[in-house]
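In the part that follows, the structures are each spelled out as structure tokens.
Two complexes, one shared chain (chain A), two partners (chain B, chain C).
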Partner chain A sequence: MANTSMQIASPTAVWAVRARSVLGGLRRAPKIPSLVLLVFMIFAAFGQWIAPYSPVAVDMAASFSPPVWHEEGSADHLLGTDKLGRDILSRLIIGARVSLSLSLFVIGLGGGVGVVLGLISGYSGGKVDAVMQRGIEVILAMPTILVALVFVFAVGRSFESVILILSPFLAARFARIVRGETLSVRERDFVAIAKVIGTPTWMILLKHILPNVFNTVIVLATLEVGHLILLESSLSFLGVGVPPPQPAWGLMVADGREFLTSAYWITLFPGLCILAAVLSLNLFGDWLRDTLDPRRRQL
Partner chain B sequence: MVKYIGFRLFQALLGLWFIATLVFILSRSIGDPAEVFTARNSGVDAREIMAAKLGLDRPVHEQYLKFLGQLVRLDLGDSVSNGIPVTQILVERMPATFTLGLIALIFALVFSLPLGILGAVYRDTPVDWVAKVLAFLGQSMPPFWLGIMLIILFAVVWGLLPPAGKGEWHSYILPGFTLGWGVMAGMVRLVRSSMLDVLDSDYVAMARAKGLPEVVVIGKHALRNALLPVLTYSSLVLGAFMNGSVVVEQVFAWPGIGTSAVQSVVRRDFPVIQGVVIVFGSFFILINLFVDIMYAVIDPRIKYTQ
Partner chain C sequence: MANQLLEVEGLAKHFRGGGNWLSSGGDSIRAVDGVSFSVEEGETFALVGESGCGKTTVAKMILLLEQPTRGTISFQGKDVSSFRGSGLREYKRLVQAVFQDPYSSLNPRMQVMDIIGEPLRVHQGLRGRDLRMRVGELLENVGLNPVTAAFFPHQFSGGQRQRIAIARALALRPRLIVLDEPVSGLDVSIRAQILNLLVDLQRDLGLSYLLISHDLAIVEHMSHRVGVMYVGKMVELATRDEFYGNTLHPYSNALLASVPQPDPDVPMGTTIGGEVASPINPPSGCRFHTRCPIYLETNMCREVEPEWRGNLS
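Right after this comes the complex of A and B.
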């Protein structure tokens, strides 16, 4: 029986086995970080049905209500309201979507391009590799926040412009690491054999090299989502992120700065959300790296 | 190695040129450059003067060469909001940014060295856990929020430290700590892991076998070798501080280059933004160049194929 299953092991079957082992392994994932991430993902996906109010509903009569545990607080607004009387809890829930979706877009776009570039760069070697590596080094040597500041100044403040400017930085990081992995996989026997029997290069990259660098890509993606949430919130805080009235967490922190002495809750909670999300992603990513990719301690 | 240094120099110049070109392209593509380089409500006259000054009637490649020529002479134009030369603004604001970076580095070293060393020596004890928790928190906490929370606690609630601005020595504590916090996390991890590597080595075993007291083994034999990567990292960190200073200076209304960058974006003062990007970018590249060359000098084992 075992023999037959060996014989029919097609690439799809390999992926299926891998998927099953990932699901099995997830049961050993760190509990609290996984739970936090799950909650944020549910907020991001179904926020508009969970949030008690619209995140942009202005209610001047209820402005600056403190959280429920204060004497003047009420159960109407569990975490209080901001200067326009908007419900903080609702804004946090909807804000999860801004942070997570923006980071996922950047991971998809920048990470995708980075993986492709890294595969090509590492596999082809020679001049192509040298030119690509120099380009990557130039990008990595630029101060991200400042470049983003100028770019958004130039093209205008929008969800898309933040994605566009953060993607190249992410692509460079992915490309550098994927290239390194590709360099070693390239030398393995199964690649040489595939080459000998005349497999086209794109097929070798897709079927033989990509699956072998995939673990690294997954770990890197997890850790980079956290990094991106920090970057996005910094840009929002500086006023060049996603434009209002969309409730981005970084923007909410900036909104509360004027009222530090009177209404600390406007700044406290969005920051805690960023901290919880990024911390969970880092802990989860660390666990993932130890499980999938124990060689790569430096990531 | 001379070849390698020459190559790195060339690469750094390439990076500088790339940043300058990027800025040039941006300045010409946002809209009418004469409009971009003048204040928002200035009249037709001001725009025409600026158009003549920028040579907008000339072909683009001539404008570009003129722009590069001015850069080489460190002429970055004048601010459109107050007419002061951009170079002068940057030179005036530079010391505040650099002092802040230096203080942040000191904070980071003071906290991370003992924690990292103790974490490695007393592995899997409460000290190690504290080091790990701090390293994770440092990586995950948004610096602008940390700064604001510190202001609430130390300035608003306890009234111990000034909430913002640059004044007496104690006004440096909160911004310095905030800027150094994220870097400290990276350093704790680095010190801890490189200390663990060294503690495993033969010469540490040898030192112990000789019967040297543990303090000497750790302090003299292990620590010295574990510190090399930390030194490299410290110089790279100066680059990270430039990125961080944009945010942290904004939180503490610190009169440095980062604040002027953000203010110029708000005022749409393009010459100043352009100047900040070029200065920060150049600095970033020069630090990387310096670190790579130091590396080549210090560690001859590394082979450079380029």
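Right after this comes the complex of A and C.
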């Protein structure tokens, strides 16, 4: 008797199921979005060795040269150049770092803080919840761009200051939504049973509530990446984004808008990159959500 | 009385009526209003009554999920509200629960291993091999294959899920298990299996059950003593044989009469008219008097509650 139970409930069984489901999940990962994201991540990490030119190398002689498939285009600049003759392709490759890492940092910092606050607010309820929610409402009521303008003027324009000013807004959005989900999950019976057992509160939050609100967190995070890239471009447009010589996709779109009719490529390619990144992240997020949900994945 | 495990004395729970800091709340809802009973070692005490009579609120107070407004709960002779630290941990080890809905009581994101392992981790710090052995053993105890430890709840039927919930409740070798409608969420065809499992476990492990149910057939099958609740009050307390043989309170009579008979030729018993009284503004005297056939004839019990009579203790 004891022997069978030892064999059958052996570590291999439990871990095999976990490992198999991870592998099975990976096999069903969406191919094109994963590839797009992988390429962008490689650009972000190793851009300076991949890019054919320095992204800030000015070459006035070659300014406004069109992409290679135009008659006047040359193979020197595959995707053309901007008004200062900087290579668009190189700027896109290097720009991936700023655009992606900005979103990543803001989601990591703001989203992380937001999830924690939302869990605490929703689970504790009562006065704690009321106070936290009023605080969140104050943040959500503030116009993002305006506050960012004031903040960046005050502390100076830098990558870090953009992250610092965008994170609280993101945290507030996450906290609001996670709190709502927490309110519904905490009423489920398994939470009551955990209390009966005497499971410590932090463990209830971590093992019972968080995994059951994680779907929403992932969907929100993938949606917010797109939002953040666009927000960064708005800030760049207003002159308070990432400082100019550093290329960022949003900044490039903003730069090109004056020449939209004469040199569309300055705007088009960074725009396509933003589109591809946002779309891929959304598809990737859908897959991640399904993979993390044991009811949706097959064993 | 022999070996009282749990004693409930004058327990009451009043929920504050709606209202916020702008408008003063309405009248409070007296969900439970002075209930006393005890559960002895190795027995099943059944709490019956219709929906909303407060029986689940009693269970929640015993499980420390709700704070009583009045009254005391004593466990092994000690006041539960005085438990702190290790005493509280011990109480949470010795008192476990199985709830009605096995779809809501198992976390869909956890493997069975972790669901049943949770109390073992929290209380005994079991890890690795010891934990797996014990979980396998518990699964066997409730009639499931230990290999299912790797599965997730959605891979089980309702009856199997309830078995998992029972295995979790057994994990810490408790003395008392609160069974809140343990089979109401299950198909009729598997109710008997689960009930027999519970009876067998009680016999083998010497458990006490507080069974909360509205199903009198199950209560007759499982319980040793029965308490009947109506709108937050206990109206009758009897041993099972007395209760099913010779009910004293007209509400209990009405409850028993409302059990459907499987034979269509047997006429339905006399049912009672009227609506369940509101716990916000309960009737004076015996709360049942507004619907009571005896009251119609004698006008008793309107001002004062009937005295507890009987031969129980």
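To be clear about the criterion, the second predicted complex is superposed on the first by the 228 of 299 C-alpha atoms of A that agree within 3 Å, B and C clash if a C-alpha of one lies under 4 Å from a C-alpha of the other, contacts with A are read in each partner's own complex, and residues count from 1 in each chain.
The rule we apply is simple: a residue touches a chain if its C-beta (ideal position, glycine included) is under 8 Å from a C-beta of that chain, and two chains touch if they have at least 3 such contacts.
No experiment lies behind these values; they were computed from the predicted model shown.
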First, second, both or neither for A:189, with chain B first and chain C second: second
Which superposed partner A:32 touches (first chain B, second chain C, both, neither): neither
Which superposed partner A:207 touches (first chain B, second chain C, both, neither): second
Partner chain in contact with A:198 - chain B first, chain C second, else both or neither: second
A:128 touches, of chain B and chain C: first, second, both or neither? neither
Touching partner for A:19 - first (chain B), second (chain C), both, neither: neither
Contacts of A:226 with chain B and chain C, given as first, second, both or neither: first
Residue contacts on chain A - larger count, chain B or chain C: B
First, second, both or neither for A:42, with chain B first and chain C second: neither
Overlap of chain C and chain B interfaces on chain A (superposed complexes): none
Residues of chain A defined as touching chain B within the complex: 130, 134, 137-138, 141-147, 149-151, 153-155, 226, 230, 233-234, 237-240, 250, 253-254, 256-257, 260-261, 264, 267-268, 270-271, 274-275, 278-279, 281-283, 297
Residue ranges of chain A touching chain C (in the complex, touch as defined): 1-2, 4-6, 8-11, 13-14, 16-18, 188-190, 192-200, 203, 207-208, 211-212, 293-295, 299
Chain A partner contacts - residues on chain B that touch it in the complex: 11, 14-15, 18-19, 23, 26, 29-30, 136-137, 139-146, 148-149, 151-152, 156, 193, 239, 242-243, 246-247, 250, 261-262, 265-266, 268, 270, 273-274, 276-277, 280-281, 284-285, 288, 306
Chain A-facing residues of chain C, complex: 63-65, 88-89, 92-93, 95-97, 99-101, 104-111, 113-114, 118-119, 122-123, 128-129, 132-133, 135-137, 139-140, 145-147, 149-152, 154-155, 165, 168, 172
